[in-house]
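Note that chain A is present in both complexes that follow, paired respectively with chain B and with chain C.
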Partner chain A sequence: MNLRKYLKVYKKFLHTSLASELEYKTNILIDLITAILSLVGSIFLLSIFFQNNGYIGGWKFEQALIIQAIYTILNGITNTWFNPNLTEIVKHIREGTLDFVLLKPIDSQFFISLKKINPSGFLEIMLGFLLLSFCIRINQINLNLSFLTLSFITISCSICILYSLWFFISTTTIWFVKTWNAIEVLRSFLYIGRFPLNSFSFSLRIFFSVFIPIAFITTIPSEVFLGLSVVWKILLEVIVATVFLITSRKFWLFALKFYSSASS
Partner chain B sequence: MISNLIKRKIFTLLKVQYSNMLEYRVEIALWAISGIIPFFMLNIWTNNNLNESINISDVMLSRYFLCAFFVRQFSVVWVVFSFEEDSLMGKVSPYLIQPLNPFFRYFAQHLAEQITRFPFALIIAFFFFIFNPDSIWIPNLGILLLSLVSTFFSFLIQFLIQSIVACLCFWTEKASSIERLLFIPTLFLSGLLAPVVSFPAYVKSWIYLTPFPYLIDFPANLLSGNKTNIIGGLSMQILWIFLLFPLFKKIWSEGTKKYTAMGS
Partner chain C sequence: MVQNIIDVKNLSKSFDISLKEPGLKGTIKHFFRRQTKSLKVIKDISFEIKQGEIVGFLGANGAGKTTILKMLCGLIYPSEGSILVSGYLPFRRKENFLKNITLIMGQKQQLIWDLPPIESFYLNASIYDLDKFEAKKRIKKLSEMLEIDEELFIPVRKLSLGQRMKSELLAALIHEPNILFLDEPTLGLDINAQRNLREFLQKYNKETNATICLTSHYMKDITSLCKRVICVHEGAISYDGKLELLLKKLSPVKEILIVCRSEEDAIKLENSGFTVKNKIKNEITIKIENNSITSSLKTILNNFDIVDLFINEPPIDEVIGKILIKKDYDI
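After this line comes the complex of A and B, so read on.
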């Protein structure tokens, strides 16, 4: 019964935010061109790395393309859901409108995480899937049920980790009010996800798998696509994702205790 | 008399904006951190020995990327985002009445922010040298001054381009998506992620005709002591400034004619 209520509310969210975003139709077109150019740009950068080398961190060019594809899909998801919603938290807290969210008879995390949607991100997701299917062809990956389930599991875990990171940083707004630039820091770190983890030096590798698990986000799903993945890595990713989700939830509830509305 | 007045205005604006920026020290520190992508790129280059193929030693490459970081720090422009917000909120109207082009205000804001950012950039450079003690070098005074000038030119070019885009707000309201589109070629072609020397020949043949390599690659090469054509680079920068400035003036005067204040 609860689930049905949330589904119904989500439908309304979709409807209203799509209606308001479609007001700016040229914007969506420009965003599509931006997404295409940005993909072309990063493939260009990758081709510079590979122009005189067959391997980077043990990855061939065709294999590294898979990482790009997965990064593009995840970036599309970020642009569709995380970015428009979670940057809004900053506004809610600065202007005190979080009060209205908290008063609603609905889970506040659900409300602020899913209220808005940015349709131009869909195009990026589609772009990512196109590249991914191209990669599946050139790497001659045969699709079978276990492969599909594994890739589904790892990609959903990546989405959970990504969401938790975004949500975690946005939550800190309750204390620091302006975390706009903290999000920029996260974005620049996430940029690392475009490249295989092994291409970095050992210390950076540790940093990006222990402190900020960016390594898990793109490298492990790509390894699943190449059939290189080991069971413990996938298990580890599932565990990390669960821990992140639970912690971000707990952290939000904890942070709310410190929320003291505007002007109070 | 007139020049004296302008000087006083600019000085006052700078002072106001500097004290304003000092309020947001943490934010600016975070922003400085978010610019460390060049160091990650350096890590990929040296860790995979990619620089051997372009004949740049590890030390020179690390100096290049450090300089690229510095040039980027002092040429970041966000005028379009400020202007878009001000124009959507109707704050532009009072600015237009004042006997001062509102872009001077934004210009002073940027300069003040750069002054605030300087110590943080130095701290990051300090840490960089701790990890890479080989790459410490002291450029001679002439080169240092020239690269300061060229960094300032790079900032001016970007400021002019963004101001032109910002003026499109008079027509479309959401000009920031155009800026995001323009940011993609800036990111990939300016030399922030890979030095322009490493680009394949089919790109090098036309890239020096665009403004992009003069934004980061040229000043960074100059400062780090890598090979570059000093006179050619500086004259191209000046050429672009002279091309863009009349364009900005034209679009500004057209735009202000078109401008209708909120609620009219």
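After this line comes the complex of A and C, so read on.
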């Protein structure tokens, strides 16, 4: 893979999708307001849960805010990259425009996963980081190299898991043509990621760890921030992320053999 | 000797299609238990195409023309048989193969809708690993050939269909491909835009010696661009050869309208043994076989008092229409 070429193409992707989005100023403004209101609403909801009891699943409100911050960052990444690109896969397959992607001398997964960006998602990422830095201060977290490395690893793994799950569902469009509902179900599960895993019953904890690993996405990075994490959990997240990423890649290449293109 | 650039042997393609009975009962049954049937859409076809040839694929809707094109460019896996395009197995979609081909579909677009076409051109240039200077040079050359200038800087959504198609062509040709697959490129275009596009393709073929495989329902596209046609009927090849020969076979006679000096001359001509289609006063229309047209005209001009005459070719659409419904042509 020619890295220089891919960087050059990605720069072009950024340029063209930013230019496309900036054509519609009002839409961007509405998206920005929605991002702010959504964060305020989520914190308000979280505070209601903690109003009567200071703890949920052994987590204090200040600690649970870290999960909210990580969720906001991940949701921002979802809205910036995954949502505009991965939902397009369904459209590409239904309308047959995937033909153009497959005939380009560039990796098709790279092309369809990164071609577009939604700039309003950047604000959400920024707000997430602001909330995270506020949480670091109120939870008196000591910032050192190992902490930063582990945070980076766990958050990167979370992004990989989330991407792979989404990409996997979108790929099934090649057979099922319409999979909007499955993506909506995934997004609904993601909302669950705003709460600590310990706040759910044992059976749900198993479900969200084994079947749909939403728990890995927010809880494990948050535990790293609070110094509550154990090595095996981090290792497990790395393994899960790697397996998911490789599987989604192989699944895409396998699915393409069944692509029949849309009729003209 | 000119090399074969496309080599297809015993190619077949089957698709699984789901069957649904009509009505609510059928819909519910279809939802819970889907019945599928394997449908062979391409049946054991073989052909070769040489470098620089322009070949038209003719056939009715659903005959399999687009499926053939999509297998040739590597979008669809063949079920049986072999395809070699420029020495590559297309469905492997190797980088060097993809840099050598392009697919243009009249009903689908790759340009970024909200931005001027120039942005899509530079994006494609980076995908094809062209530097900015080279990309600029090629855009200039192709835009001159396509006669587009200001349109390059107007958002795609504001361009007319003809301008958009020209821009699509430019986007698809920026990497100077050697093989062009065109699936109904003139679909929906007005007569002038169709003519411009045809002229461009002729020029491009002449200048670059590129091979062009074309499907179109506009017969003018086929007759003005393709010397060779491959007729596809229900997934099988019913004719592969020169268009001229096919037209002669399908339309062996020409109609000649003769304006005689007087009605008496017309009556004399009517009774002289030619096949008469109709006669109105001093104007008479006769049918003459293609192979005897020169001698017959000589006889008429020498023996009758003729004021004017017109040779009418049979309408090409009518002639080609026969191809779409016939299974085999023994020429």
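In this section, the second predicted complex is superposed on the first by the 262 of 264 C-alpha atoms of A that agree within 3 Å, B and C clash if a C-alpha of one lies under 4 Å from a C-alpha of the other, contacts with A are read in each partner's own complex, and residues count from 1 in each chain.
Heads up, the rule we're going with is that a contact is a pair of C-beta atoms (placed from the backbone, for glycine too) under 8 Å apart; a residue touches a chain by one contact, two chains touch by 3 or more.
Remember, it's a predicted structure, so these values are computed and weren't measured experimentally.
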item: Which superposed partner A:33 touches (first chain B, second chain C, both, neither); value: first
item: Contacts of A:45 with chain B and chain C, given as first, second, both or neither; value: first
item: First, second, both or neither for A:259, with chain B first and chain C second; value: second
item: First (chain B), second (chain C), both or neither touched by A:130; value: neither
item: First, second, both or neither for A:138, with chain B first and chain C second; value: neither
item: Larger contact residue set on chain A - chain B or chain C; value: B
item: Touching partner for A:230 - first (chain B), second (chain C), both, neither; value: neither
item: Contacts of A:239 with chain B and chain C, given as first, second, both or neither; value: neither
item: Doubly contacted residues of chain A, that is, touched by chain B and again by chain C; value: 24
item: In the complex with chain A, residue positions of chain B that touch it; value: 24, 26-28, 30-31, 33-37, 40, 43-44, 47-50, 52-53, 172-174, 177-178, 180-181, 184-185, 187-188, 193-194, 198-200, 203
item: For the chain C and chain A complex, residues of the former touching the latter; value: 15, 66, 70, 73-77, 93, 95-96, 98-99, 101-103, 105, 107-110, 112-115, 119-120, 122-124, 126-129, 155, 183-184
item: Contact set on chain A toward chain C in their complex; value: 2, 5, 8-9, 11-13, 15-16, 19-20, 23-24, 95-97, 99-100, 102-106, 257, 259-261, 263-264
item: Of chain A, residues touching chain B in the complex; value: 24, 26-27, 30-31, 33-34, 37-38, 41-42, 44-45, 47-49, 51-53, 56-57, 176, 178, 180-182, 184-185, 187-188, 191-192, 195, 199-201, 204
